[in-house]
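See structure below.
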Amino acid sequence: MPVIKIEMFEGRTVEQKRACAAAVTQAFIDTCGGTPQSVHVVFQDVARHDWAVAGRLASDPKPE
Amino acid sequence: MPVIKIEMFEGRTVEQKRACAAAVTQAFIDTCGGTPQSVHVVFQDVARHDWAVAGRLASDPKPE
Amino acid sequence: MPVIKIEMFEGRTVEQKRACAAAVTQAFIDTCGGTPQSVHVVFQDVARHDWAVAGRLASDPKPE
Amino acid sequence: MPVIKIEMFEGRTVEQKRACAAAVTQAFIDTCGGTPQSVHVVFQDVARHDWAVAGRLASDPKPE
Amino acid sequence: MPVIKIEMFEGRTVEQKRACAAAVTQAFIDTCGGTPQSVHVVFQDVARHDWAVAGRLASDPKPE
Amino acid sequence: MPVIKIEMFEGRTVEQKRACAAAVTQAFIDTCGGTPQSVHVVFQDVARHDWAVAGRLASDPKPE
């Protein structure tokens, strides 16, 4: 209440996630109200070979 | 890349969502890097009778 | 912590959701531990024309 | 097994979803194996004011 | 039909998941109807450094 | 826009995912329109002990 799920490429450090969770929680509270205690942020790392855009895996080289 | 999914109680206005999307995107970029163009924010409104905490629907009165 | 998301066909009543949230929360606590206060249950109704099995929408008649 | 969740802008017709579910199910089977009966496809329509890219709601006019 | 997704802190054993899946499936059937064969339960373990409440990672010490 | 999330048993190779992402993206475009560049496909591998049907983990032997 709310739950904020962040799916992103793997590679961010715990320090980045720590800062991100704090900043995103504050951004939500500032704009949508509520209390910090109610805000859940869940990170999900995704490998580059598990994410495709335009039908091409992000781990594959871009076509020239 | 990333996709930020925000599930929250229904009732926020489009103006709040507009401000939230901008603030959350900036919060992500500031802490995790990347470009704004890569950040997707998706809102999903949830009715109070569709969210339970401690086994009690949020639409039900709290026990005394 | 945990978040239990239940996607199901639309049509269940609030009374069914109320009973389901209570029962599922208890089932989780009984088997995985934790406190009821930490358990979130979120229902998401899905229309039959938005759910397909074997490539056929659930709103379509089954082949003979 | 698998569950394929498709989040997209609202506006597609049931006919489009019917064709999409069939085509996506076939695409999965052709490349990853398994049986059609095991493939679930779930559509979730998202309003344009609930989806932001680069911090801007898709319902808002693009900056010049 | 339904799909029940359980996101929780990592650390539960397979035995706990086995018992939880059975209990949650029964809880759903008892309250919402349907057949056991139609119920899917999917567990997703989340590391404590990937879950924040009130902007603080669950892996970090609580403030005094 | 859209985001297509594919949850499936672990074990598919990167080659299978590469072919699947291309085929599913094409299937979506052919039936729902849009441009390939707008289609995101995200794979999430699920261990057999994290997926239950009919209250039984997929890693457990089927009852006779």
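Read from first to last, the chains carry the letters A, B, C, D, E and F; within each, the first residue is number 1.
Quick note on the criterion: contacts are C-beta pairs under 8 Å (C-beta built on N, C-alpha and C of every residue); 3 or more make two chains touch, one makes a residue touch a chain.
What you are looking at is a predicted structure, and each value in this text was computed from that prediction instead of being measured.
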What chains, if any, are shared contacts of subunit C and subunit D?
B, E
Of B-C and B-F, the pair with more C-beta contacts is B-C
For the copies subunit A and subunit F, the interface residues, called same if over half of the numbers are used by both and different if under half, are different
Using residue numbers, check each pair in A-C, C-E or B-D against C-D and return the one sharing over half of the contact pairs.
B-D
If I superpose the C-alpha trace of subunit C onto subunit E, what rotation angle comes out, expressed in steps of 5 degrees from 0 to 180?
180
Farthest chain (mean CA position) relative to subunit A:
C
Any idea how many Å lie between the Cα centroids of subunit B and subunit E?
20
Inter-centroid spacing, subunit E versus subunit D (mean Cα positions, whole Å)
25
Junction residues of subunit D - those touching two or more other chains:
1, 3, 7, 17, 23-24, 26, 40, 42, 51, 53
Answer with line, ring, star, complete or other to describe the graph linking chains that touch.
other
Which of the chains are touching one another, listed as pairs?
A-B, A-C, A-E, A-F, B-C, B-D, B-F, C-D, C-E, D-E, D-F, E-F
Residue numbers of subunit D touching subunit C in their complex, please.
14, 17-18, 21-26, 36-37, 39-45
In the complex with subunit C, residue positions of subunit E that touch it
1-9, 12, 16-17, 19-20, 23-24, 26-28, 30-33, 51, 53, 58
Report the residues of subunit A in contact with subunit F in the complex, numbered from low to high.
7, 46, 49-57, 59-60
Residues of subunit C defined as touching subunit A within the complex:
1, 3, 40, 42
